[in-house]
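Encoded as structure tokens, the structure appears first; notes follow it.
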Amino acid sequence: MSAATNASHAIHAKSAEAKRRRRRPFDWRHNPGFGPFTLLVMLFLYTPLVVLVIFAFNANRLVTIWSGFSFKWFVSVANNGDIRHAAYISVLVGVLATICSTAIAIAAALGFERGGWFRGRGSAIGLVTMPLVVPEIVTAITTLIFFSAIGFHSGVLNLVIAHTVFCIPFAMLPIQARLNTLGAGYEEAARDLYGSEWRIFLRITLPLMSPGIMAGAILAFVTSLDDFLISFMVSSAGSTTLPVYVYGMMRLGVTPEVNAISAVLLVISAALALVAFIISRPSEAATAAAAGTPQTAATL
Amino acid sequence: MVSSPSGATAPTAAIVMPSAFPVTAPGTQGDRLIEIAGVEKVFGDPNTGHRALEAINISIMEKEFFTLLGPSGCGKTTLLRMIAGFENPTTGEIRLHGKDVAALPPRERPVNMVFQNYALFPHLTVYQNVAFGLEMLNWKKADITARVDEMLSLVKLSQFRGRKPTQLSGGQQQRVALARALAPRPQVLLLDEPLSALDLKLRKEMQFELKRLQRETGITFVLVTHDQEEALAMSDRLAVMNTGRVQQVGTPEEVYDQPRNRFVADFIGEANLIHGATLGRNADVMVAVRPERIELTMPGFQPRIRGVVEAATFLGSDTLLEIRAGEDRLRARIRGAVRLEPGTNVGLSWPDDAERLLAD
Amino acid sequence: MRFRTTGFLLLPAVAVIFIFMAIPMLISLTYSFLTANTYGGVTGPLSVGAYIQLLYDQDFDGSLVFMPDYIWIILRSVYLAVFTTILSLAVGFPVAWYIVCQSANRRKVLLTLVTLPFWINTLIRTYCWILILRDEGLINNFLKWTGLITHPLPLLYNQGAILLGLVYTFLPFMVLPIYATLERLDPRLIEAAYDLYANRVQLFRRVVWPLTKPGVAAGTVLVFAPALGAFLQPDLLGGGKQLLIGSLIEMQFTSSRNWPFGAALATLVTLAVVAALVWQNRRGKSVEAQA
């Protein structure tokens, strides 16, 4: 019996020693607790979105009591003429604002990244990225006052102008980031190989920057599609955008239709943004977004 | 007159004439091709700005392999980019066949460049990369195909014509860059540290390869490097540069055996710089002697200098002695194994032709 | 020649934003010094009435009476914005640090996950919380089902709900700039600190924090500025009972029809944001730049 105890003792000691020896080697990248914390933050960010999408499929009219899976609210939303019109306005404004802002952004990104240093470059960057830091409510009411002061009331056109303004920096940053990572070396090589400026732009610069342009255009469209406050202040009776219409529905209460249309908007925005990230690499877009403000601040 | 290989009589003419550019006379070795005269470059404000280049005067001959050698920041790359047309001299002229080209943009200069990291267009195939310059010069399609094929077989990359640059190894990318720059038949090929991205073994191979290409094409090569061994091995002539000035121009032998100043003596190979006073001569001069030319003085002979051994390191074929003589420290490479304890007194000698008197 | 091309390329962007953003802000500033028109809009003459209205109410006999209501609204907005910023920093910094410590592939995925909510409609993201917090919401239903409560807890329509909504909306703005500076941090600096016997806390205080200040400053402004002017979160989650400056401005252009007062409030918000940017510019300079 005593022999057995001794043996078990020995095994015990051995395993303890083994445990000590197997201690995790030092690695500063390993921070206990940070992983679970980040997981909780991710749950915080995504649970509400998942809840919305699930409830959008709830058959019960009493939104938060689950009584089976159903598509009927999506059908009801699709049959709503007002929602269809609002969606049409949103897409129309989004497409037009995307085209205008992306075209302007391509030129601006080329100017900033390939134009070299010039006096006032910092102020110009600050001005162009201004829509990123001015609070939406300020942009919204100043735009409203501006259109009223000049007496310009053209419905959709007002929206297109307002959206183009705040889409420009969102379209520009991925393009600028792309041009920055590419560097000017390729264009220099093309110049050495007898290219004229215009042909270099068409053959080298444009194809190489096209992922940035695609990402910029998508992000501009998503930004336009998502905008509520500015459209809310600027839009008139005939030119209600989808978010503005949905906001009106929300004010009247939580209904399954609101859930359904919100879920649709959510999925569209998320899918488009994902495509933009995949095209442009997320780190580039993120760094660009982060770089935006310090530049703005530096001009003050 | 603009000669172009797309012309009716093109094929034969194109071999002699650089494409698309008027040439005063077909060059032969010995003619001056590039003349850099009184070039100065100031970045920023002309009075207070950074002086990158000062009083540069260099002539580069037809069919020559010329190297700009110097430590980083010496201005060699700026000078190369000036020949290419990416930088403009603040003052001075850059003449090609006697004509000042300093104000011409890159696309009007019959000069092509192999860029430091090759700058191969990542969205184009190997074929399209090599064809790029020819397309820009509006060559005919058939001529482009022929020329690109010729170039790809010259650099032995014919089977890779359809690949993208990212699918190639570093050495292959480098050969594409060479083919691309040579395709438009430039009068001068500029190479900006072309071997620095390659590992040692590949670098040795490419040195040989570059010499072969230069011989076969008969084009003037201007190479920029900070590697003195590379410069000595490859160049017909070289210019040693430091702090924006040319220190010496000459053949590798001249620069190695007859350095004009302390910088050159020290930068090219290894040199002992001994104060004139230590040798009992004029205190203003320095005497430069290569370590391999120093010998231990035979007993009974008068040494040039006496010193104390501080360390002796056996290196296989040689022994490296570190010797203190007065306030100078000397390094001597003695053939074979020499057993000398630290603290031993020795006498050192060298032949008359091994020393150079340097004023600065 | 090159400069002319550059100017030509920048002209459209600069012109569009100058005309449709900078000029409107100047016009609004002018409007804040005019008098309200009953139909919405403004009339002359110039007056500082809108700014006086912030502090005083006009009595029936025309005398001014001190009225702190608006001051309370402004203070509440500032306090909530500051609290949002602090909470976002406390949550965002560890997340950014964790992401930086991961392998390149996992970094990409995590970064995408943090960035993605930014591109989803704020209106909808805020609405999600109504589903969860309201009396018949997910949490109250769950608690009733477990029998812990019989009457629903008042989770919605209070300051806590607004704060939650603000942190939820603006958290990515804090994580991204901090991540961007951490990513540029040379890992050898961290290894050098550990090599010189620093522990985790000392590493953070003496090396990581000083070097990431620019990112923190950028994140602070990116969270503080929009949180100060927030409209949707107080409106939907505060239920209109907890008035904040954003909703107050909106009201001046919809129900109250007092444009000069709205413009004056917007001017105040803009000044606060400019002050925050100036602060960021002072604090946010990288250590190298200071040296």
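Each chain carries a letter (A, B and C) given by its place in the written order, and its residues are counted from 1.
One rule holds in what follows: a residue touches a chain if its C-beta (ideal position, glycine included) is under 8 Å from a C-beta of that chain, and two chains touch if they have at least 3 such contacts.
As the structure is a prediction and not an experimental result, all values here were calculated from the model.
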Chains most often in contact, by C-beta pairs: A-C
Chain whose Cα centroid lies nearest the overall Cα centroid: A
Cα-centroid distance, subunit A relative to subunit B, in whole angstrom: 51
Inter-chain centre distance, subunit A versus subunit C - centres from mean C-alpha coordinates, in Å: 17
Gap in Å, rounded to a whole number, between the CA centres of subunit C and subunit B: 58
Residues of subunit C defined as touching subunit A within the complex: 2-3, 5-10, 12-14, 16-18, 20-25, 27-28, 31, 41, 91, 94-95, 97-99, 101-102, 107-108, 110-117, 119-125, 127-132, 134, 136-138, 141, 168, 171, 176-177, 179-181, 183, 190-191, 194, 200, 203, 214-215, 218, 221-222, 225-226, 228-232, 236, 246, 249-250, 253, 259, 262-263, 266, 269-270, 273-274, 277-278, 280-281, 284
Residues of subunit A defined as touching subunit C within the complex: 26, 28-31, 34-35, 37-38, 41-42, 44-46, 48-49, 51-52, 55, 62-65, 103-105, 107-108, 110-112, 114-116, 118, 124, 127-128, 130-131, 133-146, 148-149, 161-162, 164-165, 168, 172, 219, 222-223, 225-226, 228-229, 233, 243, 246-247, 250, 254, 258-259, 262, 265-266, 269-270, 272-274, 277, 281-283, 285-287, 289-291, 293-294, 296-298, 300
Complex interface listing, subunit A residues touching subunit B: 185-186, 188-196, 199, 203-204, 207-208
Sites on subunit B touched by subunit A in the complex: 20, 84-86, 105-107, 111-113, 115, 117, 119-123, 132-133, 136-137, 180-181, 184
